[in-house]
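Alright, structures below, take your time with them.
Heads up, the next two complexes both have chain A, just with different partners, chain B and then chain C.
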Partner chain A sequence: MLIFRKPIEGIDRPQMPADVVIVGGGPAGMACALRLSQLIDVHNAKNPESQRSKENIYVLEKAREIGQHCLSGALLDPRSMRELLPGFEKEAPLDAEVTKEAVYFLTEKSKFKLPITPPPLRDHGNYVISLNRFVKWLGGKVEETGITIFTGFAGSELLFDGNRVTGVRTDDKGVDKEGHQKSNFEPGYDLNAKIVILAEGPRGSLTKQLVQKFDLAKNANPQTYGVGIKELWEVPSSRIAPGEVIYTMGWPLTTKEYGGAWIYGSKDNIVSLGFVTGLDYADPRLDPQRVLQDFKQHPFVTKLLEGGKMIRYGAKSLPYGGWWAIPPVAGNGWMILGDSAGFVNSARLKGIHLAIKSGMLAAETAFEVLRNDALKKDDSSAATLGDFQKKVESSWIKDELWKVRNMHQGFARGFYAGMFHTALQMVTGGRGLRNRYPAKAGYEHMRKLAALPADGGAEAHLLGPAKGDGKLTFDKLTDLYHSGTKHEEDQPSHLVIHDTNICNTRCVKEFGSPCQNFCPANVYEMVDDATQPSGKRVSLNPSNCVHCKTCDIADPYQIITWVPPEGGGGPNYDGM
Partner chain B sequence: MPDTILVVVEQREGKLNRVSWETVTAGQAIAAATGWTLEAAVVGSRASAIAAEVAAKKVAKVYAVESPKLEPYTPDAFAAALKHAIAAKHPKLVLMPHTYQVRDFVPKLATAMGRTVISDCIGFKHENGKLVFTRQMFQGKFAADVSFASDAPWFATFQNGAFRGDKAEAGASVAPVETINVDIADNVIRNKPQEVFKEAKQAVDLTQAEIIVSVGRGIKEQKNIEIAKQLADALGGDLAASRPICDNGWLPMDRQIGSSGQTVAPKLYLALGISGAIQHIVGMKGSRTIIAVNKDSEAPIFEIADYAIVGNLFDIVPPLIEEVKKAKAGN
Partner chain C sequence: MKILVCMKQVPQKDAPLKLNETGTWIREDVSYEVNEPDAFALEESLRQKEKHGGEVVVITSGPARSQQVLREALAKGADRAIHLEDNAFVGLDAFNTAKAFAAAIKDEKFDLIFTGLQSDDYGYAQTGVILAELLGWPHATIIMQIEKTDSGIKVKRELEAGFFQFVDMSLPAVLTIQSGINKLRYATLIGIKNAKNKPLRKVALAEVQSAIGENLQKIERLYVPQKTKKTEHIEGTPSEIAKKLVDKLRNELRVL
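And then the complex of A and B:
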């Protein structure tokens, strides 16, 4: 019997007042905290009579250590960091400056180099970084300011008073598999906050609660996502220069799927490579982890990796629905940042700089509220937080996203149509054939098995689990081992399936249980069960989860909700 | 009459729990800060002996709260006895160590008196005439100062190690001991204590095993584990498993081998129906000889196995048990 995680009901919880609670210590949340501290410092220097304290500003981070759950390619566009910390290049962990870039179109055995690198993919001046190390460094800066980062604490619920968000409830600790309190039970805290800032990353669980409660997405395009599967390799020297950047399109995907690969040369013969597969593919048997394994078997990639060693693995989803998919980002007591909002430039495959910028703008907005409070000025918090919406719309975040507002939607009918629309949009300032291209959610593109060729047709090589040769390619469990994922085993499942009957009766027949395929961490398994008419039953391994949220996004029935497990659990990314 | 602090000293079956000295130290410190009088109480059927021991410390008075009904310990009787003593002596503040026994009865006692407990404190402060207790929050990342808003008596418990027991000051003279005999009606005690036992720690230390028979998913059903057990018994070895088996609850967690279980290096490791995911391999690859039985000839376990048997374990294990038994009988 599966028991799913939910906050324990009917208990007294410790209450704690807060000025600002930031949920999520990634680039957006850390930038927000740091900017807030800077503004308070300036204010306090100018206003000795109305000092503003930082003591009641908190960051909740579900990882045991700062940066441990952060994963990206990553290339950093330094624009926002230069605004946040001028001269940051001198002390930040930047692995290499981009020196060379190329874009290839792959067929199964060959490659074609694009004669010019398309402008959005020109990366000179950007830096190759490990996001988790970068965030660790940024988190250290935040801690120096006196702002408290609660590592190992997740936001499990939003607190409301009517239409106002009034705080965040943290995760209950010490709950066993059956949902009973263990001897080390510690109830989650209610942080009663003037301002709640959601910086949870893509498909944030509190953001999802908020969007559903207030139907925030009603005027936006459905958000569309990809899942990036990443491996870090140590390769023999001089295979790739530090700062060399390669993008590929094409194989192993066919023209029907959206996606592509990155290969970044870092320092010390480390190569970051990964494959982003759009979570709007048709065949439920497709396995994104396998797509990466296929990609590595292309002669071009094999040559790069041969004799090397895979050292880390991880996965993360990314929202690339663009400008039209972003819901309102501010309201009564709340603001939404970074990937949670959908601030990703899908043409440039970059979001870190936008996440940081959104954090800075939110900090400016939050500071207005705190200052008015300190100066005992009347304020209508709703209106003040609404300023964040205006700040985003008048900032370079919008300039950048507006130009590519229809980019991903243009690919709805495949690669060639996508290239046509992209070219058209480039010469029309992002407009293309119309101002706003519509979109539908990725899971709606998934087709039932009956409508697909039994042998997989042109997609056959993408379907089903990778076997792995143990050297160049790996099965999922071997890859997963290299994510360092660990959770308290005795706790309710944090993958909440609202109706397992659908899994065991309908999905198994109609779609062949795609959860087993799209999950890059082997969380979902269909096991034999004679008591089920289908002979199969869904079984979960929640402690394998790498927190990528792909299941929540890609499940065709939308019956899976990802919620944070007991704080402290999750992947242990290092150098990712 | 000045305000008093009452430290409840813990005893069980006539033996003083030494953590109580820490609470006496805490009580002495609070008394020094507030100017209140410090008293102590021992609750039990034979409290007097311990009360005499406590009377040597710097306290104004020691109460031996006695009743034959206090042996054996029950939360009902202890709460009733202390309620009686507190009602008679009306201390302002009642201090206790944060022990299992206190955690058992103090919520009942406080609730019965319409009061709350500030539990598991790590210190106190006396500021501007106000007594404030410090508790940890967010798993020790934060400390919170908490004070009582209600009328006395106030209840507080201190965490182990918050004060030093060896710093409890001895008194200049022995404090007087007053016995309070409590009458506890039969119907008050609703708990019936059974034999005291220590939870038997499963005595499996697989790291010391010389022979391990380990089962994986290939065993199919819980009832089939029996044949692996028979093989382990025949070989004189221990039974272990890969994670899915323990996850299903078919074998206890302490028999799990692998990255989320134990790491072993026996002389002989027999892997039955284990595919050999890296998460399992890291827990047993140091075994001297590995024999693997698996239906799938490409199972990764065969890459590290010294002897590979490709086949159905249900065909292979029963005759293997017979052969082992025969060989052993022959010796």
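And then the complex of A and C:
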């Protein structure tokens, strides 16, 4: 019997008042905290008689340490950082400035270089960074301001008073597998906040609660996602220059799937490479971790990695539905930032700079609300937080996203149609054939096994688990080991399956249990069970979870909800 | 009871390690955590304080990053902290570390000093024992239980093969604590918040420099073991093969 994680009911919880609670200490949340502190500093310098305190501003971060759950390619467009901290280049951990870029189209054995790099992928002036190290540094700046970052604490529920978000409940600690309190049980706190800011990254779990409760996405396109599978390699010297950037399209994906790879040269012979597979593929047997392994067997990539060593592995989803998929980002007591909102430029494959900018704008709004609150102005914060919506829409966030608003939707019918629409959109300022291309959720593209060729057809090489040779390619468990993932073992499953009967009776037959394939961390297994008519039963290894959220997104029945496990657990993305 | 807990920040157990240029230690760009037995030592000190009153002080040595272990300890309930802050402390052997600690606490009067059994990185298991000798106090290692008695304490030591030893000791004393002696508590939000205002005394290298001498132990070379694989065919009749195999397992590989 699977027991799923949920806040313990009927207990007294410690209460803590807060001005602002930021859920998630990634680039968006940290930039928000830092900007808020700057605004308070400026205010305090000008108004010695009415000093404002940062004491009740909190950041919740589920990782044990700042930055340990941050994974990205990553290239940083410095635009927003220059606004936040002018001259940041001098002290931030930037690994290399981009000096060279190329885009290739791959077939199984060959490669074709695009004669010109498409403008969105021209990266001169951007920096190769490790998002993990970058956020660690940014978090250090936040801590210096006196704002408290609670590492190892997740937001498990939003608190409501009618239609107003009034706070965040943190995770219960010390709950055993059966859901009982252990001797060291610590109840989650109720942080009663004037403003709650959600900066949870892609497919945020509190954001999901909020969007569902108020049906916020009703006028937006369904958000579409990809999952990025990343490996960090140390390679023999001079294989790739620091700051060299390579993108590939094509193989191993066919023209039907959306996705592509990145290869970034960093310093000290470190190479970041990864493959983003759109979570809107048709064949449920497709395995994104395998796609990366196949990619590495292309002669072009093999030559780059040969004799090197894989040192880190990880996976993370990313939203690339674009402008039309963004729900309202502010309301009564709440604001949504960064990847949680969907601020990703899918043509440039970048979102960190937008996350940071959204954090800064939210900080400005929060500061105004707190000031009005302090002045006891009769000003409902709902209206004032709505100011964040306006700020986003009049900022360069919108300028940038508007131009590519129809980018991903254009690929719904495959690669060639996608290239056609992209070209058309480029010359029409993002419009293409119409102002707003529709979209459907990625999981709706998944097809039942009966409708697919038994041998996989053109996709055969993408299906099923990777075997791995242990040198260039790896099976999932070997890769997973390199993610440094660790959880308290004795806790309920934080992968909440709302109806396991569907897994054991319908999904196993209709889709062949795709959870086993799309999960890059071997969390889901179908084990033999004679008591089931299908002979199979779903079994979970929640301790393997790398917090990528792919299952929550890609499950064709939408019966999986990812909730945060006991705070402190998760991957360890050193250098990622 | 006034208890000092010696804690150390060590590289995370599964961190991908890289050797430094001289091949004598690892490069610093890994993530760190509290040395596991030290976390149990801290928990034990907090439990003793809760039972018998007193004060818990935590001490560590190392660069700025190692302050994290003190912050965590203060968040869980330690009263104050001492940080011997300098990168040079990382390279000290157990003897010099103990000397530096002894110098840093010379004006304090503790009833008990706890250390973890050993560190997860160097694994010397010596600092606590040497510190006891420097202070002229009794010590006991691999502690699994501590009870206060009229004359001092009674401790349970873990021996090999499931045996335990019970020892009565007078105070002050030094104990090295075994992992698993108790169940660790979680830090709470209010604990973390309050920790910001608890006293943390920084001790510079210069203040204890005169107590430290040349390292008596030195790491000459650190290297990653080369994986080698050798296949050997044993030939003969089944009984000859069995005999040769047993001989190899017993005398060459020494696994029997």
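Note that in this section the second predicted complex is superposed on the first by the 575 of 576 C-alpha atoms of A that agree within 3 Å, B and C clash if a C-alpha of one lies under 4 Å from a C-alpha of the other, contacts with A are read in each partner's own complex, and residues count from 1 in each chain.
The rule is short, and it goes like this: a residue touches a chain if its C-beta (ideal position, glycine included) is under 8 Å from a C-beta of that chain, and two chains touch if they have at least 3 such contacts.
Please read all numbers here as calculations on a predicted model, not as lab measurements.
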Combined model on chain A: chain C and chain B, fit or clash: clash
Partner chain in contact with A:311 - chain B first, chain C second, else both or neither: second
Chain B versus chain C as contact partner of A:184, first or second or both or neither: second
First, second, both or neither for A:150, with chain B first and chain C second: both
First (chain B), second (chain C), both or neither touched by A:14: both
Touched partner set for A:574, first chain B, second chain C, both or neither: second
Partner chain in contact with A:543 - chain B first, chain C second, else both or neither: first
Partner chain(s) touched by A:68 [first = chain B, second = chain C, both, neither]: second
Chain B versus chain C as contact partner of A:176, first or second or both or neither: neither
First (chain B), second (chain C), both or neither touched by A:97: neither
Residues on chain A lying within both footprints (that of chain B and that of chain C): 14, 16, 148, 150, 152-153, 173, 186, 189, 486
In the complex with chain A, residue positions of chain B that touch it: 137-139, 141-142, 144, 220, 247, 253, 259-260, 277-279, 282, 298, 300, 303
List of chain A residues in touch with chain C within their complex: 14, 16, 64-65, 68, 148, 150, 152-153, 170, 173-174, 182-184, 186, 189, 191, 311-312, 482, 484, 486, 572, 574-575
In the complex, chain C residues that touch chain A: 12, 14-16, 29-31, 33, 183-190, 192-193, 196
Of chain A, residues touching chain B in the complex: 14, 16, 148, 150, 152-153, 173, 186, 189, 467, 470, 475, 477-478, 480-481, 486, 489, 528, 541, 543
